[in-house]
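A, B, C and D label the chains in the order they appear, each numbered from 1.
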Amino acid sequence: MDQRSSPRFRRRAEMQLGIVGAGRMGANIARRLLRAGHEVVIYDSDSAAVTELETEGAVAAASLQDVVSGLDQPRAVWVMVPAAVTGAVVEEVAAMMDVDDVVIDGGNSHFRESALRADTLAERGIHYLDVGTSGGVHGLDRGYCLMVGGDETAVKRVTPIFEALAPGVDAAARTLTAEGAPTAAEQGYLHCGPAGAGHFVKMVHNGIEYGQMAALAEGLAILRGANVGAARRDDDAETAPLAAAGAYRYDLDVAEITEVWRRGSVIGSWLLDLTASALRTDPELSRYSGHVSDSGEGRWVVQAAVDEGVPAHVLTAALYERFSSRGEGEYGNKALSAMRHAFGGHHEKVTTR
Amino acid sequence: MDQRSSPRFRRRAEMQLGIVGAGRMGANIARRLLRAGHEVVIYDSDSAAVTELETEGAVAAASLQDVVSGLDQPRAVWVMVPAAVTGAVVEEVAAMMDVDDVVIDGGNSHFRESALRADTLAERGIHYLDVGTSGGVHGLDRGYCLMVGGDETAVKRVTPIFEALAPGVDAAARTLTAEGAPTAAEQGYLHCGPAGAGHFVKMVHNGIEYGQMAALAEGLAILRGANVGAARRDDDAETAPLAAAGAYRYDLDVAEITEVWRRGSVIGSWLLDLTASALRTDPELSRYSGHVSDSGEGRWVVQAAVDEGVPAHVLTAALYERFSSRGEGEYGNKALSAMRHAFGGHHEKVTTR
Amino acid sequence: MDQRSSPRFRRRAEMQLGIVGAGRMGANIARRLLRAGHEVVIYDSDSAAVTELETEGAVAAASLQDVVSGLDQPRAVWVMVPAAVTGAVVEEVAAMMDVDDVVIDGGNSHFRESALRADTLAERGIHYLDVGTSGGVHGLDRGYCLMVGGDETAVKRVTPIFEALAPGVDAAARTLTAEGAPTAAEQGYLHCGPAGAGHFVKMVHNGIEYGQMAALAEGLAILRGANVGAARRDDDAETAPLAAAGAYRYDLDVAEITEVWRRGSVIGSWLLDLTASALRTDPELSRYSGHVSDSGEGRWVVQAAVDEGVPAHVLTAALYERFSSRGEGEYGNKALSAMRHAFGGHHEKVTTR
Amino acid sequence: MDQRSSPRFRRRAEMQLGIVGAGRMGANIARRLLRAGHEVVIYDSDSAAVTELETEGAVAAASLQDVVSGLDQPRAVWVMVPAAVTGAVVEEVAAMMDVDDVVIDGGNSHFRESALRADTLAERGIHYLDVGTSGGVHGLDRGYCLMVGGDETAVKRVTPIFEALAPGVDAAARTLTAEGAPTAAEQGYLHCGPAGAGHFVKMVHNGIEYGQMAALAEGLAILRGANVGAARRDDDAETAPLAAAGAYRYDLDVAEITEVWRRGSVIGSWLLDLTASALRTDPELSRYSGHVSDSGEGRWVVQAAVDEGVPAHVLTAALYERFSSRGEGEYGNKALSAMRHAFGGHHEKVTTR
């Protein structure tokens, strides 16, 4: 039975949710819930963002306290603010809550902090759910992939929200052997385990994301370098002679190549779709400088791999490439040049491609 | 205008193609062409495979010569045999051909060999096309992504074949800014450049594939290691104490997690779909030993990166992880143990998880 | 002039030190101090180790309390026990100490724990020094390289101990521009900064050690693989054909090569000396299985790199290679095989070299 | 006994050698041979360099032909010119030679080209030796480490030259179990195998060198980043919050740390000695920009690892870090930024440290 067409689902759908944070993610989460018929009470320090959502059906709150007061008990409040302040806001919201209320941390908190926070709040009878949320700016239309950690009771209660936010089973062909009513995972949300499990799984998800982005980026760079043999090069003691320069004289259309890979190839993916789209309008990627930020999960997943003793060459290299893109390897590079000068009398040569 | 509904397209579709090789790939290529109304003359040293295709409408050939003789001039023959013999078979076929015939190398040859081979054959007036073909065993139904290198004349002539093999524009949503009649790339085939360009692009494609597979595999291993804190560990001088053992006590359902990621997440991809499917029936992956083969392109793309001077940490690490999976790092590991013993008196400790 | 025979050195040398731990490291530290004329009170739960040192001039203690009671105030006690129990033993010793006593953590504690511990002990007026100690089983003869963190007062007081343990300036040629009386660093010990700084520097030292070991080990493996072209190989769809098999037919003598590199080459190092020695008696390294342990610092330095945002591809790869050597990558490898089977119908092939 | 003062050594020392190339390496090789009593006929297109060596006892040649004519048969000529022209010069010299003459390639040629060249020259009765030469600008005083490939006859004949150039057994303590007369390897030169073996071993040597340099450089960068917690950082959605900022407040003296590591530590090495020296006069390494060149061997060793199927994460990462230091990863980085913008609406943030 498809839950969403059942009477019970409809009844459950009439849920109230408080949302703190009306940025890129929070606002779209609110919208997707409103469209599904849920009631949303929302607050953001940027009142314009809240006012806009009010016109779309949300109840505007003027403060955190307003969000909490505006909800019937037992309450559920979803905190969706920048990582740097998430912990503090969750604590602040929870401090205003009563026994059996649920606070949802939809940000990218560290799974260990989430587990500890859940324990602390549990002492006061407050449920804490950590909900890793993937989907980015496209989530409003595509739905969000939700990775949930926390206690069964709270997860069960908030499930209508998850059902509304998740993409639903039709978003992808069902896995061959899947039969019967779609599981939660097939609809796009999953109760992964106790508190912290949701953020753990989201952390690993983002690690994979870093790795897949890096694989694609490196490949594109190699495509673009395919005509390196056509460039004039100096032959001197400081430069590796190009092996078989004649072999590297292809002037490839990287944008068209990403387009062709979108159909039928083994590497078809949503990231590829987005990349093809970006390259179509800017094949030289000239609007970017190449300073790539990283956020917490990409770092934490490396630390988890190290803690677990599991080799993660690719995920880690992907992270380090971002560090390097921002010039963080400079001192080490200078040290290399200093060593080369010391043993071989080599002078630096600034290469240009 | 959709080419495929045009009169000209239909006319062009009535093409003849010789195919050498009726293995996993060759047989399905033949089938897909037969379904599209093309005429296929096929040969394989395994006559049973050929006979089976004969029942599906192919013309069976008893030898390479038979394939060539069975086609009207100018001919087109697609060679789809194991990498190790591709070069020899292509040469053999070409030796039987006449001026203006086309020989297609659909295998994973090295792009440089392809370029050289094209030059040699051009001296005799034979066209050589290198066609990187992605799609694997699913290509029959999904279509193949085709990356083509070679001269314009030959590409143009064989385009009906490419059109029939490629997935077609409907296989993916069109890229946002794409308008008008779908380009070849949007249909799933692309003339990438002169001879070698097709295999070059396929090589990079496979490198990306290695990287994305490795990113996913590493992530799954980290998920699976999430309960490492629950295992008993010896505290001794040879073992790194587990940082925060208490934090790693999640017993995650890796199969369900890959399923949930399939909808709405940033890392949705065909590889993920296949992985979710594999894990659904064998969550412990107990039917595999973990000895991962690699084929030429994964190696060549590293060499290309090195030749071009482009950093490719991720693609390379993915390749090396395969080497390690087969025990190829053993001597180096023994050397590490010998060093540890030499300076620290450390004895090896065989760990088991 | 050998400082240790100078009058000034002798006067300062008349120091008392308590040592907890008579294992590989602790016993040799005690011996080196005894030889320099210092008084050592030593305890270990293994009384045989203590008895042996008693015959060499140490004062045997029957308990931690005995060590503390056996010293004049202000006391200095060096804790040199396995990493897993270091923290607890340091706390236990400190609990028996009085204001102005010094407890030295000579183990490989995490720098952050060292800094926190120092703060806690400082509240009770106890000085805590973290002393990263390199030298391994050869330290007795070669001396130890000491990286010290903690407050100035305590460092100053214990300096005679550091002077006796360090190799002394003659252990290496002075750096070209160095003039005048050798600095502490030139003698082989350094006050690196406040508490934790010693262990931080030791952590980085060990990270470099991992990287250099791995560089050497990989190189040796490539030397050993130089005759891979001579081996029979199957050519099939699962195996990358060996490029230029004919080029890899060198049967190199790895042991002799490490020996020749010891003189005049850019890669001369103590690790190379030890490796040459190990290979001389066991060129096949047949007494090792290749399961390489790792201890905390190799992991922490990766975490520090990640925290700092500094790329550390090499140090991290070296750590992960150790994980892989112990089979920790197996689940990931199985996932790769499962993916290959899923998209390409590839079956695993167990290769043997 | 110092072999070089022995009667036997002197007798053998009366050898003639032609040298082509009077650059950094060639000139010092000439000098070291002259000091050992050998006769040197030298040529360089830069006549000033030749004139200078003439004042030191060398015979100046005005052309390649002059070098060859100036030697008694059977001749031996050492070619020591930039990698980019080595092959051509070796061929040119060999073309002027007679049966049984020896041409020595002291440059960093690819081992495969060396093997092929040897075969070609053997057809004309000319011996070709490939001599990997390590030692850099310090070789004049420290001696050179020589890795030799080629036929036995030629190696034997030129051995006096190798003996004079090599550092000699006293340059390092003998390996523990070494007894009796020092082997060639213990003196610092080794006949590694047939033609190409010398350059193969030198290639691996340089790969290890890259890896060890990178390990050291990364470690230094982590030391330098130890006070990253003291810097002001913006907390925003694009920046990973610094874990435990308080823990990273060490202002370490990197120069002093490299100095202390030179004595007693496990990572003592010649590269460390040189680094300590460089940091002593320029602790900020301000005279370097950090654009690190790479020469052929660092690339070839990666290709050899890939050909052999041996994992070489560290050597390869070291090479790629050099590529990145020169900005070669920029297009890939831009692609990452484009993807982040596409799925998350993330804007690039230019960070400065």
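In this text, a residue touches a chain if its C-beta (ideal position, glycine included) is under 8 Å from a C-beta of that chain, and two chains touch if they have at least 3 such contacts.
Quantities reported herein were computed from a predicted structural model and do not represent experimental measurements.
Here A-D and C-D are compared, and the pair linked by more C-beta contacts is C-D. With chains reduced to the mean position of their C-alpha atoms, the one farthest from chain B is C. Work out the mean CA point of chain A and of chain C, and you get 39 Å between them.
Mean C-alpha positions place chain C and chain D at a centre distance of 28 Å. For the pair chain A and chain D, the distance between mean C-alpha positions equals 45 Å.
Touching two or more other chains at once are residues 136, 214, 216, 218, 221, 225, 240, 243, 266, 270-271, 277, 294, 299, 307, 309-313, 317, 320-321, 324, 326, 328-329, 332, 343-344 of chain A.
Of all the residues in chain A, the ones that touch chain B in their complex are 111-112, 115, 134-136, 139, 142-147, 166-169, 171-173, 175-178, 183-190, 192-194, 196-197, 200-201, 204-205, 207-212, 214-216, 218-219, 221-223, 225-226, 228, 240, 242-244, 247-248, 250-253, 256-257, 259-273, 276-277, 280-281, 301, 304-305, 307-315, 317-318, 320-321. For chain B in complex with chain C, the touching residues are 23-24, 82-85, 136-138, 213-214, 216-218, 220-221, 224-225, 235-241, 243, 270-271, 274-275, 277-279, 282, 285, 288-296, 298-299, 313, 317, 321-322, 324-346, 348-351, 353. Those residues of chain A that touch chain C in the shared complex are 266, 294, 299, 302-303, 306-307, 309-313, 316-317, 319-321, 323-324, 326, 328-329, 332, 343-344.
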